[in-house]
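The same chain A turns up in both complexes below, where it pairs with chain B and then with chain C.
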Partner chain A sequence: MIFNAYKIASGIFAILAIAVILCLLLVESFKALSVVPLSKFVTGSWSPSSGDYNLLPMAVGGLAASLGAIFLVAPISIFSALAMNGLIPRAIRLVVRKLFEMMSGIPSVIFGLWGLGYLVPFISRMAPPGASLLAASLVLSLMVLPSAILLVAQAIDDVPREHMEASLALAMSLYNRIRVVILPFTWTRIFSILCLQFARTLGETMAVVMVAGNIPAFPTSVFDPIRTLTGHIALEMPYAEGLHRSSLMLSGLMLCLPSLVLFYLARRFLERVRSI
Partner chain B sequence: MFSIVWEMMSKGMDSFSLDFITGLPERSGREGGILPILVSTFLVVLLALAWVFPPALGCALFLSDYRNSSRPLQLVRRVVSVALDGLTAVPSIVFGIIGNAIFCRFFGFGYSILAGALTLGFMIWPYMTRAFEETFASVPKDIYLQSLSLGFSSYTYFRKIIFVPCLPGMVLGIVLALSRALAETSALLFTSGYSDRMPESLLDSGRVLSIHILDLAMNVTGGDQNSYASGLVLVAFLLILNSIFSGAFVFCKRFLK
Partner chain C sequence: MNLDIKKEFLFFGSSFFGRVAKRTAYVIPCLVSLSLSLPAHSKDTEKKKLNLSGSSTIAPLASELAKAFEKKFPESRVDVQSGGSARGLADARSGLSDIGMVSRDLTETEADLQGTPIAYDGIAMIVHKDNPILDLNDKQVVAIYTGKTTNWKELGGSNQEITVVNKAEGRSTLELFLQFFVLKNSDIKAKMIVGENEQAIKFVGGNKWAIGYVSVGTAEYASKVSKTIRTVRLNGVDANLQNVKNKTYPLRRTLNFVNVKPASETAQKFLSFVKDPAAIKIIEDQFFVPL
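Our next item is the complex of A and B:
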């Protein structure tokens, strides 16, 4: 009886935790929303000391970096997962899989460090200043690539065996096998994996702060420095007070909502897979 | 990919030595070692694991035991599952500012190891619970039904029936959460703080390894060298931890069969 109570209590604790986080974000950001008119958050400039709270460049910058990363990751992960499942011999495949598993455990701050020491100087030789949207996207895509490949490969592994064997018996070409057998079975799962990885890139802070340049302005090309919402919070939080602080809470809320939606979408897609 | 590891190895090895691990940082980390940083890293991470273990286990048991239960409980189960997904979805920097608002300001812990550990616990909670749940779900259904028909209480079922076969999976879940926690930077930036002194109590501020790397690379000019060396320590530690425990996991599985 006590044991049951313990289980239910910890379940309720989890619900409370997420509820408190969301409520606190709402309450804190409402402090800013109730004083500063809404239009101030999407127009003008960012200078909290003179009452300008334009968060739009940060939102756009973060979104651009994440989208860029996902556009890089999507084809690469699908093709390497396909290669891992059909083209390369078993022994090499196991080694590659172990390598990717190791890679997916590397902390994001290490990717940032690598980007800062290697990628940024490299880009700055082509187009200064180097710390840019491009660098942020590349670092983010490298960061999520190993786990994306592993998950997509797992999805392809789970294609029912009889269908794979039937396609082999019909002597389908590789292209047809992918088109007729593999993709219809896996596209929902691949989509949900990409949703989750997209949420991860949106929420990533440290790797991006180190390579993105952190200037709060709209990027006009891929070589322009950007600032993301996450980096924005990380950089300004230590000295923020009052309205400034609560505008940072608002950016936290702006980060949370899309990633909650993405997680919900991913789960819905997974449930569709199960019901097939 | 290889270039990342290579860079880390080649640049880190130069300033890596035993003194680096056991020394105190000098001139804000440009010289000297990382002993206080290692100590506060372990304090934060172990404290977080210790407090979050009971609720994470409870959640996992809740999710796996009420799979086929009555309608209202089924609903609660679904909400708990969604809440855990939500905890995974919240970006770590948001955990950081919320932890700062609740633990550092509201409870008045200030920048401290305690506040960092409490915040970090919430972050690794869903990972731990999902790993535990997966292990419990791998128990054959017959065993569950038999224990129900014998009238075992749910505590007996957990402690006497599934505890030992699930132990390797649970340890693996803890290690997974541990490596998540070690890799975490942004949630701790505003909760456990920057100070690189040796922590004297749990209410002292302590800098964790990943923040040390960030700070040396970003804010301290000439700190690159030690930043790479600290990165090497972090990555090496994570890899060793993971390989030992996944090896042990495979071994245990064989042994228990």
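Our next item is the complex of A and C:
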């Protein structure tokens, strides 16, 4: 009874918290939405002091950095998890797992510092200025990789034992075991894991601000600097006033929407797992 | 009628959101009453209130000063709001605030107000310690920042592309930089935009061919401690606190408090508190130059 009440209360609290955040963002960004014509937010440039509020470069930059990171993370995490599930000896596997667990505990800003100190100067030697979309994607992928690998490995561990045994009894090749047994059981969960990690990369702020260059313009190559929506808010909010502040709130709202969609997708894929 | 309402309620209650709404219904009044009851506990009315508003450069400094002031005089309460130097002047004139904060030298048209300089602020151009460039003049800085000069070679340095580091919109260092070099932010062709001074120092410290600008106090501290960056002489004058203080360094400004004459008792107390040793320590901690 008490546990039930606790469950309901925490559920309500979670819903209320999200509702309050969305309401606050809506109310705060209403000022900009009512004064500035909508087309101004997707055309022109970003310079609030002269009345230009184009938020599109930041939205595109953030999405590009996160997509890049997930494209790097997806194959690496799936292959590493498969390797951890039977390809490498048990002793090494345990060490590797502990290492990934430790890595997933490193605060993301440390990855940012590493990026600023080593990655950016390294890229800058090939294609200045170095602070770029590529650096942001690499830092983000490094940040989510350990937990992605651990979660995918967990998903593979959860493949029913009888199926694994059956595949062994049938003398299936490794390739076929992965193709016929493991992937059909895990791909929905892998997809939901990647969705949640994608949402994490979208929300990451400091690590990206340190390596992305933060120029509010569309990138034309991976060596061009980008600015993400989160970085945009972090850089300008402390001293923003009036319409400038309100347009930053609007970028917060723009950031919430894809996150909510991703959580919904992750949830949908998890439900499909249960129905199997 | 009664039945209808009940039916409606039942219908509403059968949906998921209805159930949530029913269960949350009692939480909202609780929260509202809680939030209403909180301010009732503070004793604003008994305290001597002081309102400060204006420059966003001074606001963080003023908040720290306000905290120290409240500690020293527990019967007073100081509120600090930012909004730009123009607002500081307007609010001080209209009486909306007791003290306005203005982050530039006062002009003759502002002689109707009493101005109290509290500190100086300067900006130093910084480069990596391995960069051979020691000296720049303002024309060269403008050329670099507007993208007319893109290689250190053109300034007598190595054959390397210049990475221009700029500050984010709204930062006071950006404001002073643009004002001094008579630039618009949209003219600047930056490769990297940073927020805080520390970020600029870290970036320039890690990138041999970058140039940036930070508060003189921060630059002097960083070049002594981390030794990865170096300040550049501007028009032949070393960028250090000494030269900001004796007004020989050009890229500087005065931070002022303004108020209507005569100042109220509490305001006067606050203005004299700024010369207190404790206040001077706070000013130095915020990388400004005390008078």
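Convention: the second predicted complex is superposed on the first by the 262 of 276 C-alpha atoms of A that agree within 3 Å, B and C clash if a C-alpha of one lies under 4 Å from a C-alpha of the other, contacts with A are read in each partner's own complex, and residues count from 1 in each chain.
Here, contacts are C-beta pairs under 8 Å (C-beta built on N, C-alpha and C of every residue); 3 or more make two chains touch, one makes a residue touch a chain.
The structure presented is a predicted model; accordingly, all values stated were derived computationally and were not measured.
Within the superposed three-chain model, A:Ile8 lies in touch with chain B and with chain C [touch as defined at top]. After overlaying the two complexes on the shared chain, residue contacts for A:Arg268 are found with neither chain B nor chain C.
When the two structures are aligned on the shared chain, A:Pro107 is found in touch with chain B, with no touch to chain C. Looking at the superposed arrangement, the partner reaching more residues of chain A, out of chain B and chain C, is B. In the superposition on chain A, A:Leu116 makes contact with both chain B and chain C.
Touch criterion met: A:Thr230 reaches chain B, while chain C stays clear of it. Of the two partner chains placed by the overlay, neither chain B nor chain C lies in contact with A:Arg179.
With both structures placed on the common chain, the touch criterion links A:Tyr239 to chain C but leaves chain B unconnected.
Touch criterion met: A:Gly213 reaches chain C, while chain B stays clear of it. When the shared chain is aligned, chain C comes close enough to touch A:Pro129, but chain B does not.
The residues of chain A shared by its contacts with chain B and with chain C are 8, 11-12, 15, 116-117, 209-210, 234, 238.
Across the complex, chain B meets chain A through its residues 1, 3-4, 7-8, 11, 54-59, 61-63, 65, 76-77, 79-80, 83-98, 100-102, 122, 125, 129, 153-155, 158, 179, 182-186, 189-190, 210, 213-214, 217-218, 224, 227-228, 231, 234-235, 238-239, 242.
On the side of chain C, the complex with chain A involves touching residues 20, 23-24, 27, 56, 82-84, 160-161, 163, 168-172, 184-186, 190-195, 199, 202-203, 206-210. Across the complex, chain A meets chain C through its residues 8, 11-12, 15-16, 45-50, 116-117, 120-121, 124, 128-131, 209-210, 213-216, 225, 227, 234-236, 238-241, 244.
Looking at the complex, you find that chain A touches chain B at residues 1-4, 6-15, 17-22, 24-25, 28, 99, 102-103, 105-114, 116-118, 142, 146, 199, 202-206, 209-210, 230, 233-234, 237-238, 248-249, 252, 255-256, 259-260, 262-264, 267.
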